[in-house]
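This report concerns only the one structure given below.
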Amino acid sequence: MNKDFIINSFETLRSETPLVHNITNVVVTNFTANGLLALGASPVMANAIEEVADMAKIAGALVLNIGTLTADSVEAMIVAGKTANQFNKPVIFDPVGAGATPYRTETARRILAEVNVSVLRGNAAEIANVIGEEWSIKGVDAGEGAGDVVSLAQKAAQMLNTVVVITGKQDIIANGKETFIVENGHPILTKVTGTGCLLTSVIGAFTAVEDNLMEATTAALVCYGVAAEIAAEIKGQEGPGSFQIEFLNQLHHLSSEKIQLLAKVKIQ
Amino acid sequence: MNKDFIINSFETLRSETPLVHNITNVVVTNFTANGLLALGASPVMANAIEEVADMAKIAGALVLNIGTLTADSVEAMIVAGKTANQFNKPVIFDPVGAGATPYRTETARRILAEVNVSVLRGNAAEIANVIGEEWSIKGVDAGEGAGDVVSLAQKAAQMLNTVVVITGKQDIIANGKETFIVENGHPILTKVTGTGCLLTSVIGAFTAVEDNLMEATTAALVCYGVAAEIAAEIKGQEGPGSFQIEFLNQLHHLSSEKIQLLAKVKIQ
Amino acid sequence: MNKDFIINSFETLRSETPLVHNITNVVVTNFTANGLLALGASPVMANAIEEVADMAKIAGALVLNIGTLTADSVEAMIVAGKTANQFNKPVIFDPVGAGATPYRTETARRILAEVNVSVLRGNAAEIANVIGEEWSIKGVDAGEGAGDVVSLAQKAAQMLNTVVVITGKQDIIANGKETFIVENGHPILTKVTGTGCLLTSVIGAFTAVEDNLMEATTAALVCYGVAAEIAAEIKGQEGPGSFQIEFLNQLHHLSSEKIQLLAKVKIQ
C-alpha cells in the first residue's frame, strides 16, 4: 500500500496546526492536550453549554469522549456535535466504557443517533456494545471477545454509516466498503491511561486537515503507532512512566522519514 | 512479623487485576489511573449519579476521595457507597482536607455516617478532624500536631468501627484491636501531588483481592512504600518530576523479591 | 536593575510555603499542583460554592483561571474573589481564551468587574480582548497580533487599575505607572500545556509573601523563566515530555545563586 497519503497528511498537519476541540474526560485532559501539542496540533478543551457551539464553529474538528460523562457534559457534546455537523466539521467519537454501565451504552447510542459522527473509535467491546453485539467488557477496558474484529468493524461501519476504528493488537479501519489494517503500535500503550483517548483526539487532528476520512484516520493510526514504537524502543524497558514521557517526545520528533520507514498498513 | 501475607496479596492482585472504581478529585485522576495500571490493577473513574451504582456493583472495590468535592460528586459518592455496601464490596475513603473548611469536615462525617467505610485513610490532621479531635491543618496538608498518632488511629478505629490508616513518617494501621506500623516510604512523596490519593486507591486494589482488611491495607502500604523507596534511590536526587515518573516505573517493576527484601512492618 | 527583591521574595516563599487557593481548569490541575509544590508553595484546589469562601480566607492568595469554565465554577470564582478582597488576599486572574468565544470574553470582563483583581495575566490576544482591543485569537493560544505589546499592557493596567502581565517572547509587567520587562523563559514552554496557567499560580504564590505587586509578579516571572531555561538546557533536546518533567525538577532545585546569575529584567 502506498504510504504517500500518510506522509502528506502528516506534513499538512504540521504546517496547519489545526485547532482540535475536545469534550473529553477528566482523567486524560492533560495528556491529550500535551499529546496534540507534541504532534503539532492546537488543542482546546471547552465543555460549558454556553460556549461549546462557538468553539466547535472555529475548530477544525470536534472530539467527543464519554470517559467521565455527566448529564451536563453529554448535553454539551450534543450541542457541540450538531453545530459541528452544521458547519461541516468532522466529529470523532470515543464511546469509552460503552457496555460497562447502561448509562454509557445508552449515551453512546444517543450521541450516534443525534450527531452525525465522522469517525467512531473504540476497542472491540465498546464497538460491539454500541451496535448491540454480544461482547464482554470489564470497566472501561476491552474484555476478551471471541468475535472476528474485522467483521465487527465492517458491520458497525455499515450499520452506523460512519468510519469505524477498532484498536487492539491490530487496528481496523472500516467504512463499510473498504477496510484497512494498521499494525503499528506497542503493547505498553495499554499500561498508560488515556492512550486510546489521545489517539481519538489525534484522529480528530488528522481529519481537520484531510477530507478523506479513511485516509486521515489511517494516517493518524500509523503516526501514533510509529511514535509509540520508537518510544517503546528507547524507554519501554524502564516502565510505563518513562514510556509515557518518551511517547510525548517522539510525537514531537516524528518525521516523514520515520513514517516511511516504519508504517505498517494494508488493505484487508 | 511474617511477610507472607503481603507477598500473597501482591501476587493475587497481579493475577486478578481487580477493577477499582474511583470517585476522586480532578487533580489526581490521571496519576491515580496510571498508578493503578502500573501496579497491576484496572482503574475506572465514574462519578455520574446515573451510573455510579452500576459501576460500584461490577468493581472489586470503591474508592471515595473528597479532594475537589462538589454537591453532585458527594451525592454520587453516597449512592455508590451504599451500593458497594449492599454488594459487600469494600469502600475506601480519603477525607482530603477534612478540617480545612467546614464543608469538608461535614461531608467527611456525612459519608462516614451514611456509608459503611471499610478503610479510612488520611493524614493525622484529617483523621483528627473527622472524629472531632483538636489538630491544626493548613489547606489539604497535615499541620503539625503534638498528638500521639498511634493513639489517634486506635481511637478513630474504635469510634468509627473501621480500619483507620494514618500516613506520615510512619504509617499506622488500626482496627481498634490490632495496630500495625509500616515504615516504608520516602519523604519525597510529599513533593508530588496525589501520592496520598493514589495510596488510598492502591489500598482499594488490595482490599479487592484480600478479605482481611488489616492485611490487605498493610500489604498496600508496604508495596507502595517499597516502590517509592526504590524510585527515590534511582531518581530522587533529580527532583520530584523525575521521581514521580520513576515511581510509576517501580510500581510496574515491583516483585515479591523486592517486597521480601525491603518490607518494614511491625505490630505495635 | 537590582535583583535583590527577586531573591528576597524567593527566599521568603521558600521559608513560608504559602497556601495558594486555585480555582482553575481541569487540564492543568495536576501540573499546577506539582509545580507549586516543586517551587515550595502549598497548593489547594477547591471550587465548590459551599467552601470557596472558607478556603479563600485561609489561603495566602487566590488564583482564578477560566480555562474550562462552567456556570458553577464562575459563580464560585466570584464568591471566592469577593471573599479574598474582603480579607485583603491578592487575587490573580488568568482569562484563558478570552476572545475565543463570547462566553469567555464576557466572563473575563464580569470577573474583572465584580472582583478586585490584583494581577491579570494572559497572552497579548487575551489581554486585548478583555479590554476590547482588536487582536486575533485561535482557540486558547495567542494569535499573531501586530500591536505593540508594551503599550497594550500599559493601557490595560490603566483601564483596569491592576497589574497586567502579558507573556510572550518577552514578558511585560505594567501597573499603569511603571513597566518592567522580563526576558527569561524558553520557547519550549509553548509545547507544554498549562505552562501559562502554572505561571499564573506561581505569581499567586509570590504575591502571598510580597506585598509589592510589581515586585512579587516580576520575581515570579524571573524565577519561572530561570527554571525553564535550566530545564531546557538539560532536557529540551529530548522533547516536550522530558522538558516538562525536568522543569518540575528545576523549580525544586531553584536557588538564589541561579536567580542572581540568570535573571534578565529591566525597566522599560
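Order of writing sets the chain letters: A, B and C. Residues in each chain are counted from 1.
We adopt the following convention: contacts are C-beta pairs under 8 Å (C-beta built on N, C-alpha and C of every residue); 3 or more make two chains touch, one makes a residue touch a chain.
A quick note: this is a predicted structure, and the numbers were derived from the prediction, not measured.
Undergrad: Would the interface of chain A with chain C count as same or different, where same needs over half of all numbers used to appear in both copies?
TA: different
Undergrad: Quick check: superposing chain B onto chain C on C-alpha atoms, how many degrees is the rotation, to the nearest 5?
TA: Fitting chain B to chain C on C-alpha atoms yields 120 degrees.
Undergrad: How many angstrom between the C-alpha centroids of chain C and chain A?
TA: 33
Undergrad: Would you mind listing the residues of chain B that make contact with two or more other chains?
TA: As it turns out, chain B has residues touching two or more other chains at 26, 30, 244-245.
Undergrad: Which of the residues in chain B end up touching chain A in this complex?
TA: Against chain A, chain B makes touches at 19, 21, 26, 29-30, 33-34, 37-38, 42-48, 50-51, 54-55, 58-59, 72, 244-250, 252-253.
Undergrad: What does chain C use to touch chain A in their complex?
TA: It comes out as residues 25-28, 30-31, 67-71, 97, 100-104, 138-141, 191-194, 238-242, 244-245.
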